[in-house]
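The next part holds the structures, each set out as structure tokens.
Heads up, the next two complexes both have chain A, just with different partners, chain B and then chain C.
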Partner chain A sequence: MSAQSNYRDVFDATAHPDARKAWLPRMKIAAIEQFEALGFPTTRDEDWHFTSVSPIAERTFKPVRPSPSTLTAADLAPFTYGQSDWHLLVFVNGHYEPALSSFAQLDVDAQVMTFSEAFKEAPELLAERLGTLAPRTQAFTALNTAFMADGVVIRVPVDIALEAPVHILHLTDAHATNASQHPRTLVIAERGAQVTLVESFATIGGGTYFTNHVAEVIVGDGARVDHYKVQREGGAAYHVGTTQATQGRDSIYHSFSFATGAQLSRTNVYAKLLGENCEVRLNGLYALEEAQHADHQTFVEHIAPSCSSREVYKGILDGTSHGVFNGKVFVHPEAQKTDGKQTNKALLLSEGARVDSKPQLEIFADDVKCTHGATVGRLDDMALFYMKSRGIGADRARALLTYAFAAEVLELIELEPLKVALEALLFERFIPPDAA
Partner chain B sequence: MLKIDNLTANVADKQILKGISLAVNPGEVHAIMGPNGSGKSTLAQVIAGHPGYEVTGGTVTFEGQDLLDMDAEVRAQAGIFLAFQYPVEIPGVSNAYFLRAAYNEIRKARGEEEVDPMEFLDVMTEKLKIVEMTEEMLQRSVNAGFSGGEKKRNEILQMAVLEPTLAILDETDSGLDIDALRIVAEGVNKLKRPDRSTIVVTHYQRLLNYIVPDYVHVLAQGRIIRSGGKELALELEERGYDWLLDTAGASA
Partner chain C sequence: MSASIESLVNKEYQYGFVTDVESDRIPIGLTEETVRLISAKKREPEWLLDWRLKAFKRWQSMTEPTWPNVKYTAIDYQAQTYYSAPRSVKPLQSLEEVDPEILKTYEKLGISLNEQKRLSGVAVDAIFDSVSVGTTMKAELKKHGVIFCSFGEAVLDHPELIQKYLGSVVPYSDNFFAALNSAVFSDGSFVYIPKGVRCPLELSTYFRINAADTGQFERTLIVADEGASVSYLEGCTAPKRATNQLHAAVVEIVALDNAQVKYSTVQNWYAGDKDGVGGIYNFVTKRGKAFTNSKISWTQVETGSAITWKYPSVILQGDNSTGEFYSVAVVNNYQQADTGTKMIHIGRNTKSTIISKGISAGHGQNSYRGQVKVLPKAHGARNYTQCDSMLIGNQCGAHTFPYIEVANSTATLEHEASTSKIGEDQIFYCKQRGLNAEHAISLIVAGFCKEVFKELPMEFALEAQQLLGISLEGSVG
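Entry: the complex of A and B
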């Protein structure tokens, strides 16, 4: 029996209590059918050439059943970046935990709520917008749509700036072992609205589990969305995540992806520039060790003219880890005056580490400026000598330069508390304690 | 303090230093001059322990110890400092962190207590004045985006913090305008002490108007072809290097 029909069986055996919203079961049934037709991608698919998902496909991860969480606010502390005045929505094993969540004062008319709440209070939001962006041709997205249990919807009305960032924290614990969670996020920033969203994934003693996340982000005309993703899943976890953003004219979308977790992960960040004069930044940092595998794919689709895209992705690879970066930029014939720049750098700390980097520019307009650069290397000998010539020992000089390589890209994070927290994480990781 | 005896060194199998002998005593300022490609910078880098050069013969001792047997960081901890001709940019590490890390390594090597960031800031307040730099420079990444003059001042700032017994300035004057040159030279002079020595590597006499040498050595084709007092530098300024090279060539 094929991997996808296993999931069909699981789907059929799952109750769908939200049947009262008739459109939702219809969408889910369509999604599982689509998933069955697509099947899991293989390395014969161009987009998955360097990443085999067979460890995920070979087993059937069932969604975690809701069970009362034993976690307390204190357990969350390592994952909240020291911020108590953000909107915090906590999910444990894919299920919303109201007792652990907290909300800042909310502007009039803005909505930050779970899907379950939205069905009661603003059902039209989901009915109209959910699933309109997520790529329909991707098996993992279809699987998410079929199995999503709950999610978060954020709507910021015209010309409103949501002051407090929204943090969606997905935690797993031992209950998630051998199970899956399919978190879903929908962001609607209306004309001139502004919002900052942080999505974090972490584990507290979780074993092998599978996170399959989808985020849809609608950035209206003149709106701005800052979107951070922090993937610190457990070392035995599998993580697949896809973010799809669409941008109206004069809008700004900034995405930052930070990934240190999971034994196998794939992170997709896609942006469609639909209106003129948009700005998109897709930045990221991953740090891998042992046998970890992390694949990042970005896709910027320049549809309207006079938009700019900027991408900086960096990776640090140790052990026998394997990193993959595929940065696609597609410039449609109408997208004149496109200004695109992509940089991808990887630092290999060991002989056994490997990175495959594939920039992919397809340009069908003639008046554009698009550049890309990729480097794969080891620590700079001159910089090492410079540090040593100041009395800093070889091991520590290497540690500092490794940290510096990472810190340079963290500088691009505009949400200061998050930047500071991630710097601290990497500092601890790369700099030996006696050297602090 | 420093004793170099018949030193030979290669880079990528090409011999650059062909038998250098030089003795520097405490408190002395030695200038090493010479045309491009003479081996001046190589000599500076070999003393500092650059791994790209292969020492093929001769000895170098520093305060009685075999310098060639030490790693670069051990040489620095022993009191040797090289101000780089091309200071390296290190984006992602703040100048303050870098300086404190180096300062504490040197203190540890001297058996002194390490300092915390607040104590270090006090140390820095004094040192910054020496090179007319502001605290803002400490928060920037090491040399990243610095102008040529800022980089050279940053080198002298590091020297002021680490207080070496032997400072080697490798073409510190190159690319400096007259104001930056004055600041850098005055910084070096303020750090002078009877127990500290300086080797100034330069192509031009200009810097030596500010940092007055006790001895001037002319390096050409990997050898010291002439040594003298500070008046030798003035003579070179007037006559260029060719007359010396001709003399050396004739005597070879």
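Entry: the complex of A and C
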């Protein structure tokens, strides 16, 4: 494929300023070679059966070049959920903007830093941990590793709880048009540590660009990580994101994925339960319109016994949008006493919308309890009738029921300000003031 | 009461055998010559040979599917015999010649050979290796205009029907094994129910692979004309052999407007021994096409075969048509099953129901793979899917791969799946009431599968339940 070799050319043409830190260029070269070997997935790949990435594959999105940002704090306001006490790291077009960021002095012995800072302050941490989790067999992950320019490292030491959430805001503007960004996140929550992370992706002034994000989250024994991802990229954008978490014993990992943006998006959330008695929750909501395409893939790998996994994904599809969900729960032979539950619901609002759902159970242990449920349908006629009989107009009834369908899964968000902000966003979207 | 495969096969032999058998088998290997030879042996018309050759050409360009969740050593298609007719000179004369292991099984099932006489309500077209060896109750069926004969006879006697419907549901190019079958199929059954006729008998075919190293490639075609209805039973068995045998069958069902077809299978091919040696590779394509207001219902109880690869499907072509799939699949020892269904909703207000019960024991691996597809014009389509898996022992696996593809907003789909261990407290309760562990399991499993068993014709239901008990023998310490 010509597009792939183009990425190789782009890679070779890029100067690698970190050459002295020998492990990183080595890793990047290995990654671009890996990417070349894998090539972009096609719909013949089982994992990509319902999503064609040819719009991404058929062109070469060069990594966006750093340029001075013209954005001001006022431009950020719609994306910060009104929270000034959160640690805010702002990236514009994939490059860190200290002027816009406001992450205060950390009151505890934790580290929240960009990659460039990490190279100075904790190079061994990066060298040891970066790239250890992200699935190597995926082309997009390899591409991210090859081209990642900057990212965020969060390390929370033993038994420390980071009170304020960390918010990583990725903004793109017109400067990113026809280019790509490959942001990277590494979270290390050591034994008994706690941290809440919000990653937002948004666009100021649309344009076609490609975001290829990878997050690696190491949840130590007894640690807890709450991880929120809000994808509100512009309508012309492409977004591919992969989150891989590993969990030690007695740990908790909560992931919530909210997606309304991008013309084509793929969000992978993978959790490996390595220690006994873990809890993992993977929840998500996507709302699409027009010709948007959103694909969510989750993979919970029960490796150790006595873990529980809970999963609720909901989708609302309007226009001629296309939603895809693939949720896999894999139970290894040793993972006895596994308790897994997965629910996937899709609501079709319009004639042209379509959804493909593939909930999957692969179970190799016998003492388990695993279920999944999936539904696809339209709004309940009885519920609509009931509301109409109470004097609510058909449009408003429809709007209220649609909002209620979405709000149910937003209820699962424990970070209150984020929940309120996303609720408001959906309320505005589904319940226009004139729909009386 | 119970329709035993063995008794039926023996019955045919007791009453003598068809004589137009020319030779035992053709040399191993598969070339265009083989296809021509099979066709010639069956004195087939030119158009059928052409169809076979087209299928063979297509097959040569295809590769064996690797997506099923099963593992097996590669099949050498050149090391198989593609046609094998029973030796008319040496049929089994008495029970002593039957494999004692199989006899023991039937003893456990409580089937006496005399019971065949009580089967008078069932018309049987028994397939012994690849040739239909006899058909009973033809006269009664003829009275109603029902055609029930071997595929070979149908080609000669009713070529217009075969030409019209052969490959209309499963085209020869459909998949690797269907193409192979289309090229080399040896015999099978043909059923035609005329307009408005409710078939007076339950039709039944038993398949049996006898010779070693032969593949069995039977082909069944059932056509229910407008307003007709029929219930068709199929049972399969094979003797014990140390090598793996290939079985690639095709079943096509056409249900024209307002017709109803119910197809029930009890599949008990030899599953290999407890170490996974031998057993049948069962790669089957079964599909029905349902026209306006018609209904096709598949019920299957899969207890045998080393490997099962089978997805009885319904194309819901006509408005208001209905598809059903009820399945129990049991794997024990080293058996592997990748089975499920496809429901393709094309017409308006089409409805499908899928109930699948998988039971894994020993080192067995059981996968449910199902697709429910709602095409853009299928307004008001409705599907309910339930697939439950039960695990007995900690070496086995249960897997669920549903594909839900909806392109119409007025469709309503529900899918539920669960996997759990057999209830220890339930076993304890049964034991406390004086049942031993094996009985307890068989009782619990029967309860687990009740929703499917109740869809089976009575005599099959009883046999299926007992078969299940036998299949799971030794699965608990």
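Here, the second predicted complex is superposed on the first by the 428 of 436 C-alpha atoms of A that agree within 3 Å, B and C clash if a C-alpha of one lies under 4 Å from a C-alpha of the other, contacts with A are read in each partner's own complex, and residues count from 1 in each chain.
What we mean here is this: a contact is a pair of C-beta atoms (placed from the backbone, for glycine too) under 8 Å apart; a residue touches a chain by one contact, two chains touch by 3 or more.
Note that the structure is a prediction, hence the values are computed from the model and not measured.
In this superposed model built on chain A, chain B and chain C occupy separate space and fit side by side.
Judged by the number of chain A residues each one touches, C leads among chain B and chain C.
In the superposed model, A:Val53 makes contact with neither chain B nor chain C.
Once the two complexes are overlaid on the shared chain, A:Ala404 sits against chain B while remaining clear of chain C.
Within the superposed three-chain model, A:Leu361 lies in touch with chain C and out of touch with chain B [touch as defined at top].
By the document's definition of touching, neither partner reaches A:Leu418: not chain B, not chain C.
In the superposition on chain A, A:Arg396 contacts chain B only, with no contact to chain C.
Once the two complexes are overlaid on the shared chain, A:Thr375 sits against chain C while remaining clear of chain B. Contacts of A:Val312 after superposition on the shared chain: neither chain B nor chain C is touched. Shared-chain residue A:Leu273: touches no atom of chain B or chain C. Put simply, if you stand at the Cα centre of chain A and look at the Cα centres of chain B and chain C, the angle between them is 70 degrees to the nearest 10.
Taking all C-alpha atoms of chain B against all those of chain C in the superposed arrangement, the shortest distance found is 14 Å. Of the residues of chain A, not a single one touches chain B in one of the two structures and chain C in the other.
Across the complex, chain A is touched by residues 67, 376, 389, 391-421 of chain C.
Partner chain C is touched in their complex by these residues of chain A: 46, 50, 333, 336, 346, 348-378. Touching chain B in their complex are the following residues of chain A: 380-383, 385-394, 396-397, 400-401, 403-408, 411, 435. Residues of chain B touching chain A in their complex: 48-52, 71-73, 75-77, 81-82, 84, 87-88, 90-93, 98, 101-102, 105-106, 109, 141, 158, 162.
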